[in-house]
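The block underneath contains the structure these notes are about, expressed in structure tokens.
Should a chain be cited, it is by its letter among A, B, C and D, assigned in written order, with residues numbered from 1 in that chain.
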Amino acid sequence: MTKVGILTSGGDCPGLNAVIRGAVLKGETVHGQEFVGFLDGWRGLVEGDAVPLDRSSVRGLSNQGGTILGTSRFGPYQTPEGGAQNIARTLDKLGVDAVIAIGGEGTAAASKRLFEEGIRIVGVPKTIDNDLGRTDYCFGFDTAVEIATVAIDRLRTTGNSHKRCMVLEVMGRHAGWIALHSGTAGGAHAILIPEQPESIDQICAWAMSVRDRGRAPMVVVAEGFTLPDMTEAHSHKGLDGFDRPRLGGIAEILAPIIEERTGIETRATVLGHIQRGGVPTAFDRVLATRLGMAVTDLVADEDWGHMVALHGTRIARVGFDEALAHHKLVPQERYQEMRVLFG
Amino acid sequence: MTKVGILTSGGDCPGLNAVIRGAVLKGETVHGQEFVGFLDGWRGLVEGDAVPLDRSSVRGLSNQGGTILGTSRFGPYQTPEGGAQNIARTLDKLGVDAVIAIGGEGTAAASKRLFEEGIRIVGVPKTIDNDLGRTDYCFGFDTAVEIATVAIDRLRTTGNSHKRCMVLEVMGRHAGWIALHSGTAGGAHAILIPEQPESIDQICAWAMSVRDRGRAPMVVVAEGFTLPDMTEAHSHKGLDGFDRPRLGGIAEILAPIIEERTGIETRATVLGHIQRGGVPTAFDRVLATRLGMAVTDLVADEDWGHMVALHGTRIARVGFDEALAHHKLVPQERYQEMRVLFG
Amino acid sequence: MTKVGILTSGGDCPGLNAVIRGAVLKGETVHGQEFVGFLDGWRGLVEGDAVPLDRSSVRGLSNQGGTILGTSRFGPYQTPEGGAQNIARTLDKLGVDAVIAIGGEGTAAASKRLFEEGIRIVGVPKTIDNDLGRTDYCFGFDTAVEIATVAIDRLRTTGNSHKRCMVLEVMGRHAGWIALHSGTAGGAHAILIPEQPESIDQICAWAMSVRDRGRAPMVVVAEGFTLPDMTEAHSHKGLDGFDRPRLGGIAEILAPIIEERTGIETRATVLGHIQRGGVPTAFDRVLATRLGMAVTDLVADEDWGHMVALHGTRIARVGFDEALAHHKLVPQERYQEMRVLFG
Amino acid sequence: MTKVGILTSGGDCPGLNAVIRGAVLKGETVHGQEFVGFLDGWRGLVEGDAVPLDRSSVRGLSNQGGTILGTSRFGPYQTPEGGAQNIARTLDKLGVDAVIAIGGEGTAAASKRLFEEGIRIVGVPKTIDNDLGRTDYCFGFDTAVEIATVAIDRLRTTGNSHKRCMVLEVMGRHAGWIALHSGTAGGAHAILIPEQPESIDQICAWAMSVRDRGRAPMVVVAEGFTLPDMTEAHSHKGLDGFDRPRLGGIAEILAPIIEERTGIETRATVLGHIQRGGVPTAFDRVLATRLGMAVTDLVADEDWGHMVALHGTRIARVGFDEALAHHKLVPQERYQEMRVLFG
């Protein structure tokens, strides 16, 4: 019987538990696999800190946010105890035949290297920002968009009541997918993303055009957006390598500038961590469950070095190398598609 | 300037207003189109009952359920005043150059015939049941699945507290997509859909297996599912051609049989109309907005006889004939993918 | 150290787990009490079927629907093994000094009798219908009203899109509180409750008046409402003593009559069990937590025969006898307050 | 026929539209009153900027956030054009007989003075912070608590997955009601409010005690909480007289201190404006509707100088002077009731 170890790595993401549940249920039932969970991401794998996982461990998990295995930003090559050779020894000792690593770009890169160095490893892509290549969507993204959209709905009534411009900062350090989707869903008058420069003059022009129609401007900005003309005031933020929603981030920089230049009272809100926790949407639960189930097929097929992915409505297999070769930013045409409506 | 008439036809569906808004905003801004809305679906077109639609008519609509144009099940060939010739005359009289018809299979079929008879018409696919071919998803479906999933979450706590089997009937007369997705998201122990026969013995076996593990069975059933051995008790339901959630439908038929055969107290809930009204999910708003925007490109390109569709993350164009040739039922493998986990 | 047994009895209700959590946390921390939970309501008490309850058993329960102890409609005087003498012996054997019974009218009545026969028992009132006397609200009610209100919001968009009359049946066999509150919150055009007769002529007059203003009538009806002129078609429903949402209940009786008499297409929806499961609202969690905490004070004070209750914003103590003497129906003036707006 | 002018003043609050709707519907139907709405709070009254309000103006408003009349922080004694004499002239000119002022403490104080100087004015209390005296609750508060509670639910899964301490800052400049209720509902391990000093040592002790039990600490802090030992770093915040969620507020001050002293990774989230916009809860809709209806009785009874209020389940009347004499802070015993569970 194949014994499979699962780990969840990187930032929290709604649907992690559903992936674990899907893998354990299908792996046990269909492939006769046995499971353990490594605790706190790669740390559990490197240190051999694992717990048994079976059907009863995963019951009721489809709608639970977070991960029962814990997660961390620890990497498998980060300490002397890590690396492929040590990990191979640890897996041997635990009798674990294969590893399922659920994580984002860093996890995929580490998994690729481990695979190349002989570890039997497969992956499930996970990024709230939706910027991993070769998959249409990652689970967690839909939930984040829904939460941001509901926030926009709320902010808009207050904006309209006070004739204020409301600026909402959402996640997206390098990719503006959450801003683009939630801004579209919420009917924002401007969407600002890291991939596409917009000048403060343009942003203020949009705000004034909305005000001139008697409406309250709604601006959605991804945390990674920067003003082309912005200098030290903001630039030190780029040095922050941590998963910390930047209070005093771009929304707080933009709001007073918009207010000063347009004369429209402007308020900033930073949505922060609530975008990545809690009950997943049905869309994310279905996607996570299907990915979790499908990744056990990769193990059964010994299709090491691959991860599962969503192509249209179909679950596909993609090599780690291929996924890593494509950082999925918002393409120019998707942004332009919406930009024509701004203001 | 091209004058475009929009109509919404068939059952209510979350996202209709977002389509209208997307079309008007982009059509005006990018293509310089002018819009009117036909009231109550095809009736408004046949009777020339139209209202002007502009930017101010569609403001705030992205998160509003329903359709500001009204809808009905009236068909354009249904009355002597209908038909392509009469409709052409009406459009002429109103100075309307092109028609955007938002609707389901019936609407697509009527649109195809009108197109073949010379009407400049394009379409936006709409079906809560997600069964229209050649598009990955239709807007409204994600909202329906979310509502059904939240209902399952609620029913499961009650099932567990009382050790009851809960049976939830969701929409899906011919296609089981809502049941499949919500049942997957909600962790149902059995999902019953029109496309796949299951015997009452099998259903009861699943319920008993769940009970034997100390859990409360959760069964999700699409309204169109029938027991192979069911006779007149249920069959007269099939004659009901109306959009009326069948109180006393399949859930109510199943519940007492399961209770009697398994000895597990069983309760039925029919979700009904709440699945197709109200605020759309962010996913549906984005999809509906993009479809609405893209359909104005079809008008600008004079790409008559086509509808917009979702392929992966891309908005595509599909001929009415092609879409109608494929009724998108749940394929055997998608059902089997989940079925292995039942019980 | 006082050892306290907790039981939850009757229908599921959002907030039961929060009561259990509040009691265990405060009882342990403040009063040094020790806890066990009786399983499946009175059955666990009568049969001595109990599990230990401590801080770790109740962690994370504040937002969990249902009851970790299970519930049932079993009564303590229902079997030969029940009754005060047998129960006293069972408590002795388990070393349990006092009982906290969380339940509705039946539970309060049984608790009162047990108290009078010498059992050290206190209570927490629980009824989704909000009809227990001498407390402003019961936990669970606010959640049920919220769920029904969200359903009304959804149904209204569909009603307006189709110009249909929508009839929603909500819980309330004897008391119309859920209908009154959700109907008020949802802006219903008619609210029908068991306490107040309304003729079918009046109901149709309201519907027609709404239609004549160009709107779609929304009718909210409590399951226990009966038409004064209704005969056997409906009356056999009254014999159903079970907690079973009556598919084919009053909404399904009303809808075709309204449709026939007014010519307005009319649809019925029966909300059913989803009103009483799942995540409680914040209001219910606060109320349930405070009641759970406060009931441990009753135990510490040996204030047997009393239950906790909400008076304004204060948690009060009320004798079982006093609570039972007042069945809290919707008073005439509360109904009239809203009725002036119907139609 | 009495002509009544309505205004909404101060910060946005879910339920304002439901008050307006309730007043207009009942005032027209029962008392034969006629209505106008003053725009943007007191500004509209002072400047005579009013629009007619009738049944059709308020349709569909029960579930709409914000206020169709607009609001502002403008005061009636703030400009030379204000004051009782000028306002009396303006009302005369518009033929308005009485004023309904919906607002918070500032509005009540201004209303009291206007009443004392001869204006026929009545009020509806409105404060998201719930700190207005002589009413059990104000509408909007329940919605704010629900939003904050849902945020806590989400943050807790992320806290648990990462073993992080999560600090959530909610509204409450002077009164900690939102923090107390949402923290209770969300099972927070510490709740920090302006009314009750807690030392950083105590806060860290609670966090460590939670960590030592293997859990992730959840801290809810009202924006107005200050550390007793806090100096200039924070104190300048107190000078900010505006309704601006303080990015870089108390949560951002606390988080790094907790992290440094306890060694527990800690993250701050500032909920901000999303607490006061959008769809009201059913509780707030019912309360707002009843208050709006009841305030028209005050007008009919010429009970000037009074506002409506909630006492238990009953709508009562309270003099502006009486309401203003009691600033409703969280009393010591309500805080202690919860504090025993902290840590």
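Convention: a residue touches a chain if its C-beta (ideal position, glycine included) is under 8 Å from a C-beta of that chain, and two chains touch if they have at least 3 such contacts.
For reference, the UniProt names are A, B, C, D = ATP-dependent 6-phosphofructokinase.
All of these numbers come straight from a predicted model, not from anything done at the bench.
What is the shortest path, in steps, from chain B to chain D when you may only step between chains that touch?
Minimum step count, chain B to chain D: 2.
Over the chains that touch one another, what is the least number of steps taking chain A to chain C?
Counted as steps through touching chains, the separation is 2.
Can you name the chain that lies farthest from chain A, using the mean of each chain's Cα atoms as its centre?
C
Provide the C-alpha centroid distance between chain A and chain B, rounded to the nearest whole angstrom.
29
Hey, how far is the Cα centre of chain A from the one of chain D, in Å?
Chain centroid spacing, chain A to chain D, equals 34 Å.
Mark out which residues of chain C touch at least two other chains, giving numbers and ranges.
Those would be 150, 153, 156, 279.
Based on which chains are in contact, what kind of graph results: line, ring, star, complete or other?
Contact map by chain: ring.
Can you identify all of the chain pairs that touch?
All touching pairs, sorted by chain label, are A-B, A-D, B-C, C-D.
With touch defined as at the start, can you tell me which chain C residues reach chain D in the complex?
These residues of chain C touch chain D: 21, 25-26, 29-30, 55-56, 59-63, 136-137, 142, 145-146, 148-150, 153, 156, 181-182, 184-187, 213, 215, 279, 281-283, 285-286, 289-290, 293, 311-313, 337, 340-341.
Give the list of chain A residues in touch with chain D in this complex.
8, 12, 14, 16, 40, 64-67, 70-72, 147, 150-151, 153-163, 166, 244-245, 247-248, 251-252, 267-274, 276-279
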